[in-house]
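Structures given as structure tokens follow.
The same chain A turns up in both complexes below, where it pairs with chain B and then with chain C.
Now for the complex of A and B:
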């Protein structure tokens, strides 16, 4: 089936490259999941082989569910991620709308200021953030994490969304104004649905670093009550002995929620990635 | 009901002055078309009337009431946009109903108006469809319907036909003309297409660089342009402008429309060679390079065979020749 734009060698070449990349990208994940189902001896004896009847062992999962309150950690992670995501998307979209829609003095400067956070890692401010949280009594609360992650996610969200919002037809917004819709209704009912793919893109880019973060939970909310999954997994990481079964099991479990969220967003996401290129 | 008055409206975006003092009165039931080249400020003026842009100074009065600080929805206007601007998530019916719902109109009244408007624009079969399922022409009809149901004092059209293909443009133009006749409503229409402007307008407003050049009926502007700009803008093909000095005239520029020139193979005022001939069937456009007058266009009704390179004599109709002074204004 060779046509003007498609030839067999080229198709094979493209697929070979893509498959190689997929294998490289998935290898560590598969390794983690595979070994989480093996006994300790199995993990160290032959780390690269899949579990056999001899090495198959659920000890990792039983430890995770038995020791520590992993269900609670999951809940914390999920609360932090979903709440941060919600605020990043809401405030990011609102700021982007204001920047792209209204003419006011200092518009460009404001846009640059808000985008600055993309280039400056928020971790540089850890000490100041910790002092701030101590002063406001937010240490060891999920609120502290949500606030920090919202601040961390906003710059990129505003940057991407304002570009997309500029593309939303002015006529449409004006038609809404003539029909008597408020600016809020125009934003929520007309503009947001049209930038949904961009929102999904931003959601995925924001969600993954938050879910995987170890730094801020460790510093701002290390208490048993507020531990997130990544922090909870540290429980099994000792100075002298490391419970690999439990760590691998915890990590395998941690993949699941983020995978579910990703599947929810992915349909939108694919359109988001290609929307600039293919109209 | 439905008169519009604009008093010394100015609009500047930063240092750029887009409207430099516009005064205009539109009578009740009139169809007024703003026409001019791109960037002349015609769309901005329409947006100021709609309330989508604030004017820097000046007043807008609708029905005698100053609406300069009234929000668009409360001005009693309806607008049709170039890009249709239908709400993509609503059906045709809800697209038309939204503005009325916002204004708190009773449901029975909304239903009645939609029924009338959809019958008028033959939209009945599409009422439950979404905009994405309609063709361009149908979408623009829905946009017009959305304006009609509001029963506004003033209809505003912002280049509504520019996104349609040529055949559809003629049909929709006809529909707008019929709509105006039936509703007897005041309409303000913006276009850069002079055929639309000439065919639809009761009165034309020619704008250039933020100023009104001339206001008048299409025939007034065609027969008695006030200046060189209007003369060149109205009429197609464009009027020929010839340097007065070359013809031994006192006027700075002499203008003559292509259709007011006759050609003859043997004798005439200006001798020239045919550069190119455009055969349109109903008429023929000849481009002549004349010794005295330079490159001119001649429009001949019917078929006329002229080979490029052949010599022809063009003669202007003296009664329909325009003389312009150094400031571009017509010399009486």
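Now for the complex of A and C:
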């Protein structure tokens, strides 16, 4: 680049704006986590200072662990997210392979049909989904959530994965066919390992909305047994409106797992978004 | 090569290729059973009403109730109006900020871009429950963080408990939602800016177009398709929103329904609240209206916007 675009004031200005916005983006998160380690007096007396030896207190965390069954909710969320993710990736990759590899009558139509769900949110079918779950006795089971989330994640997964599968070399697959491999072996042994980066991208995209969803746990599985961590936190926060220590601790506990996963996968996520995942 | 594929196709035409079906079946079945059929089931339910324990076909009766009966229509139009305002704030605040941040991030040889990108995207990955509650605490006059911060810049007199006042609550929550989701337009525009080839930029520089002029005259026209995409994503997301309002203000979308949007209205109609009993058919009718609004938006995008904004192929 020429020097014309790289004047010093311009660079400083850019950094100033970006730093300001970074502070705005991170401030609430830091504030909540910081204050969750303080005593009640510390929270109200000096909300903007980090915990000191005088104000440090873990009372919030002991309340949360003593009251809410958070470990159980956490387990539910984990089961639902991992199982849905598994089915979205497996079924999505299979369908994407069929659409991108074989030419059959109705291929384009099938692609459009499956892409419909990218734009039309599954929530709009909630009334009938609840009836369906009541009829099949799946209300208040994790299975209900897994099935709905699988259906919710499939359209985008198929769309992204078929874009990537088109790039897998035909010669490789034909070499496999000449060697007598079945179509299934070609898919599982040759193609799947090659699209692993794309699968990781899809995994992140699928995982975040499922983990964070409040609507379907609230409607399909609100029982104590099947509460997810998002719903559990929501109800817990509603009950402890005046116990600020407990609220801040619960919020921090809800933030941390997602934040850790994000830091681990952020490269993957950002690469996914910026590599034409959404064209 | 060409003859080979043709031969392969000829061979493939004779036997039925069961594996194609096997590959497609699970996805198509789950997707159809839990997404498409319920969607149409909901549309169908909106044409029925539960009269004496049996479903009776009432045509567009539910919609007549929704638009005409004051018990429903007042809330419905209020929710629709609020939803529109919610969307307008996102378009006017979220997307321009997203574009600005993306433009700054993509400036050549800027340092720490990876850090900024990661940090600014953090709110987007948090759940609505966290976001709604954290902001509720921050804006709360009891804790005093917001008035304290405003005091630092000498604006303390402007502080009011925004979430508790009818005229401000919706705007405040819209801005919280903007705060949460600004990362998405930022990333998509950033990706679009990165894909502009260097030759184009260099050609512009040879012609003496640099800085802001370069952004307006060269880059902005090239990223218009991405702006189209973020607009339609914002539209679909906003007219389908529920969680943030529900977490921050509850199902009643207080104060006095001033933050009620179609999602919370649907939830109340479907499940009932306080003394009113839930009505699945009216819920379905509201969901149908939401479906039609979103469908209209998507059609406008696909047929009007996207066909005019042809993607530049490099």
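We adopt the following convention: the second predicted complex is superposed on the first by the 214 of 279 C-alpha atoms of A that agree within 3 Å, B and C clash if a C-alpha of one lies under 4 Å from a C-alpha of the other, contacts with A are read in each partner's own complex, and residues count from 1 in each chain.
One rule holds for everything that comes next: a residue touches a chain if its C-beta (ideal position, glycine included) is under 8 Å from a C-beta of that chain, and two chains touch if they have at least 3 such contacts.
Predicted, not measured: the structure shown is a model, and the values here were computed from it.
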item	value
Dominant toucher of chain A (residue count), chain B or chain C	C
First, second, both or neither for A:181, with chain B first and chain C second	first
Which of chain B and chain C A:154 touches, first, second, both or neither	second
First (chain B), second (chain C), both or neither touched by A:190	first
Touched partner set for A:172, first chain B, second chain C, both or neither	first
Chain B and chain C contact sites that coincide on chain A, given as residue numbers	174
Chain A-touching residues of chain B, taken from the complex the two chains share	47, 50-52, 71-74, 77-79, 81-89, 98-99, 102-103, 146, 158
Chain C to chain A touching residues, read off their complex	4, 9, 17, 19-20, 22-24, 26-28, 30-31, 33-42, 45, 97, 100-101, 104-105, 107-110, 112, 115-123, 125-131, 133-135, 137-138, 143-145, 148-149, 179, 182-183, 187-188, 190-191, 194-195, 201, 205, 210-211, 214, 229, 232, 236, 240, 242-243, 246-247, 263, 266, 270-271, 280, 283-284, 287-288, 290-291, 294-295, 298, 311
Complex contacts: residues of chain A adjacent to chain B	169, 171-172, 174-181, 189-190, 193-194
Chain C-facing residues of chain A, complex	1-2, 4-6, 10-11, 14-15, 17-19, 21-22, 24-26, 28-29, 31-32, 43-44, 47-48, 87, 90-92, 94-95, 97-99, 102-104, 110, 113-114, 116-117, 119-132, 147-148, 150-152, 154-155, 158, 174, 182-184, 187, 208, 211-215, 219, 230, 233-234, 237, 244, 247-248, 251, 254-255, 258-259, 262-263, 266, 269-270, 273-276, 278-279
